[in-house]
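Each of the next two complexes has chain A plus one other chain: chain B in the first, chain C in the second.
Coming up: the complex of A and B.
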């Protein structure tokens, strides 16, 4: 038997085993990560149509991308999505977190109910919501029976975006709620006791103690929400198909269409680089604006 | 028993009970799309929109149509189910084994460049994967793997995220276990499979569950890499079927049930590890 765990003498067997294990991953990552990375960089500064030789065009791709009205529209759609999604996501997450804190015994059951949507199939449930939101679907049928109106979910730009935001929120609120709940557990009880002595009401305690103490968790939710907004593809692709009139077309959908329907990979590669930088910058900006270091003095 | 129940009843005010009931009601509402999906898949298409949730003539015709008749429409769902299962199981098994060994090296072995490797994994996790889909397509095309199972398996056989998550968990193991393994002259294989893995089942379950779900439900990549219907995994075949034959609401919902079922079953089986693992990943 080889002694391979022998403390740390020179380039020991331990170091050799460690290095060879790690190099397996490095070979894999060189092929399926670094090489595509190189190609992406190359595509962004060349003109290529899948079959010909790439020709160097410098920054012309970037200039073209930032002037493409469809691409700019898709970026604006990210903003419209976030405007609808963030209130629902934060409201839902707080509701779930306080709910979990309140129920006590049935906590695991409630958490599982909210989390099932998070781990189940995005494709399948998009198709289900396509039916649920349709003009003769169950949602409109019960609305019609109750108050006599039908909501044209997929025919009006804001309603279509709201439908997407609701579906995505349905999927992620349980997860966000669990994040916020894990933060609630760390708030020291003495803070509330002290506040009660000062006759602070329920609302004051929420705004002055709970929410500030939850800042790290709420920042995490905000970060995830921004990344979700930029990565959106399956839900709008299957539920609205980007319509009406591109009002729910997301950057990922535009990139997919440009690369594989219109066969303009250079243009698509440039857009995907801009999107990645954009999501990164928005996350950094959000952190600058809202992240607070909370210190209990 | 009765005293316990009355103690439980007295533990909350009437208002508190109202809130509790509201929370349970909301939690059950969250399951409504699943209930609607399952019942719709069991009704004739004509009754899906016209009957109440639990009303209608129950039948398995939609599943029969999907698994037998759809074949004649060039929509081989049975084959797609097999492809999805094969791809998902291979990717998950490969990610688990490679992550466990490499994470063990990263967490417990001393070798030059160890810290650099950990930083590199973090960098990889920060860069969004959707950015790589287009150049990955170029690579897979160059390798001549378009429309093959290999296109769905090879690029996902290892996971930086899996390695990182497992190494975080392995790092907190007491050194005594490894002293004992050293004394017993355990081999690398024995150390990882007999010592490390049994003591970290929670994180392994989490990596397995997320890898399984992510691979089974992956949509954009197979949509790009596979264009022939008889090579498509279930997620893509179902979506193209729904786009082309949207009127067949019953069979589409039956397909949605098939696509959801393995994920829901796994989630319920591993719910304990999952909740633990969620808490782990939130730290």
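Coming up: the complex of A and C.
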């Protein structure tokens, strides 16, 4: 709370120091968040092509965006990506977390290794996976030599999306796993002891104790996964270029191309607002559906 | 308190002023030039600008490479919006120049004094139609890089060909022999360049220009490639994939090096890359024309990957900037210097007739092959909608042919129809 001196006419020394310290963040936020945000909002209801004055067009940009087949296709691709990515992300995260529980010495080192994939360059790993998934790459060459078959990883719509999901999962599963692992550490051992006394098997303990107790961590993973899905750019841009038949084109790719290649920033701004709302609503929906309050009575 | 407020006010004013220098503050006492961000081009402009400044023929020129970490177009666009663009910029592809012209940001160079003399002096009359839209020219090509087919001479000879194939039938026959000899694990040639929209320049559009003898594939609001030439190319691509004489992609390795493919479309910029990384392979490369159903007499038409130079509308020294440009492009010694520095043929029609360039081309067989095609090579269609046009080519034509989902005629019709619909909607 700001303390005023002299009947409200001046700030206390403590308040001045506090405001000075926080002003750096406030200026940063004003310049790099608030200004772009308001500019984005303005663009979404105006027609502007970089060099002219924005002219008010009301909701016309929104109508155009929701009728744009490329944009709608990209939104549908987010759903397709999540359908493939979520099982991989959750399965992988649980495996990492359970695996870490059984690591004795060097657990911190193993955890650090998982984080390395998370901080590695998306461009670099996309280029590596591009070669791995190539129709003439090592994976397909081995398959062809063994059974005479090549898998069109990047040339068939579902396989192409699966390839993208695998690459993104490789980057994030370790990180998700550490989140889940932190949850595992907080589950009281007594619950498992009590369950064993009641002759609960492994599966029952997993479904009735572990997973419900991990709900906050799993919800966090789900939220992150949804945000990743809406923010995808590098991997599909470099690995599939959005193809085949735009089946891996993501909203971010469409927004980038619309703003900086088609030079239609108003259209792109409107799409980005719709994307923001969409990701927010999906996160809210997921929380409503799956979030449980974990209470140990 | 007043002092604090003043400090804040001046600080904010200084910050904002630093962000947005206005057009009225542009220098009129010098010409500012941006050049392509690569060492070879920078080296050329360093010499050219120094010579111009030493001559004292006009306003002095200062230059810098386009300050980009990635894409030149993004940087130029940002500079234009911020009002910090130079007077001239190189490295502008024709489609981007058309977009800038639509937005009123670049000058019509054909309307500037000295344009006609430059075209004549530089022997560009056969080249400029591809850069002219309704009599206006928004970008002037510095160089022209035709796409041609590179073949591994040793692999051709081992399979009975003493010269590069010139027709589809020759490619079919060779691919059949080459693939069969290696148990279908090697391919006659790389047909499709990649997945992005730009890759269409290096596959369908290159093949289409060769098949149509240089006819345009787009005219304003209509796609023009639903014709016999377009069908020939589509049939060729479809058959190459159906017979497994080419692969879906060659992302894992450079196919010419390992012999995974014996031929591939390559540009003159690849010469330096191969010379640095794969010199042994380069020594075994023979360059052939872009293939078609029937061979042509004289150089075959193909695609030209050219970048041009633009003069920005807000420049206060437009005429002076064009004078400098005309001097650089019209000077034969500087054209030769460009060629020697970059290995890219200047966009002029007399490269093989002009004794000035004879020495260079005598020493470079590959360079000579590219120079032969400078006049017959065509730039991309001058369209604001290049990306959409070529994305449709990829998704509606190339991909169905790769997977065999559609026969060539149906894919061609669908692609042209979708392109026309898109252009109509945009209009």
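Everything that follows uses one rule, which is that the second predicted complex is superposed on the first by the 280 of 297 C-alpha atoms of A that agree within 3 Å, B and C clash if a C-alpha of one lies under 4 Å from a C-alpha of the other, contacts with A are read in each partner's own complex, and residues count from 1 in each chain.
The rule we apply is simple: contacts are C-beta pairs under 8 Å (C-beta built on N, C-alpha and C of every residue); 3 or more make two chains touch, one makes a residue touch a chain.
All values derive from a computational prediction rather than experimental measurement.
S.K.: Which partner does A:131 reach: the first (chain B), the second (chain C), both, or neither?
M.R.: Once the two structures are laid over each other on A, A:131 reaches both partners.
S.K.: Applying the document's definition of touch, where does A:234 land relative to chain B and chain C: first, second, both, or neither?
M.R.: After superposition on chain A, A:234 lies in contact with chain B alone.
S.K.: On the A-aligned overlay, A:99 touches which partner chain: chain B = first, chain C = second, or both, or neither?
M.R.: first
S.K.: Tell me which partner touches more residues of chain A in the superposed arrangement, chain B or chain C.
M.R.: When the residues of chain A touched by each partner are counted, B comes out ahead.
S.K.: Just checking: does A:111 make contact with chain B only, chain C only, both, or neither of them? Give me first, second, both or neither.
M.R.: Touch status of A:111: first partner only.
S.K.: Please indicate which partner A:245 is in contact with in the superposed arrangement: first for chain B, second for chain C, both, or neither.
M.R.: second
S.K.: After lining up the shared chain so the two structures overlap, which partner does A:261 touch, if you call chain B first and chain C second: first, second, both or neither?
M.R.: So A:261 only meets chain C here.
S.K.: Which parts of chain A are touched by chain B and by chain C alike?
M.R.: Touching chain B in the first complex and chain C in the second, residues 130-131, 136-138, 141, 260 of chain A appear in both lists.
S.K.: Using the touch rule from the top, collect the residues of chain A that touch chain C in their complex.
M.R.: Chain A residues touching chain C: 10, 49-51, 130-131, 133-138, 141, 144, 152, 154-156, 240-246, 257, 260-263.
S.K.: Give every residue of chain A touching chain B within the complex, in rising order.
M.R.: For chain A paired with chain B, touching residues are 1-6, 8, 11-12, 14-19, 21-22, 24-25, 28-29, 31-33, 35-40, 43, 95, 99, 102-106, 108-117, 119-125, 127-132, 136-138, 141, 170, 174-175, 178-179, 182, 220, 227, 230-231, 233-234, 238, 252, 255-256, 259-260, 265, 268-269, 272-273, 275-276, 279-280.
S.K.: Which of the residues in chain B come into contact with chain A in the complex?
M.R.: Listed in rising order, the residues of chain B that touch chain A are 8, 11, 16, 19-20, 23-24, 26-28, 30-31, 33-34, 36-37, 40, 48-49, 53, 98, 101-102, 104-106, 109-114, 117, 124, 126-128, 130-139, 154-155, 157-158, 160, 163, 178, 181-182, 185, 187-188, 191, 209, 213, 216-217, 219-220, 224, 235, 238-239, 242, 249, 252-253, 255-257, 259-260, 263-264, 267-268, 271, 274-275, 278-279, 282.
S.K.: Which residues of chain C touch chain A once you look at their complex with the stated criterion?
M.R.: Touch list, chain C to chain A: 1, 71, 73-74, 77, 80-81, 99, 103-105, 185, 194-197, 247-253, 255, 260, 385, 387-388, 391, 394-395, 399, 402-403.
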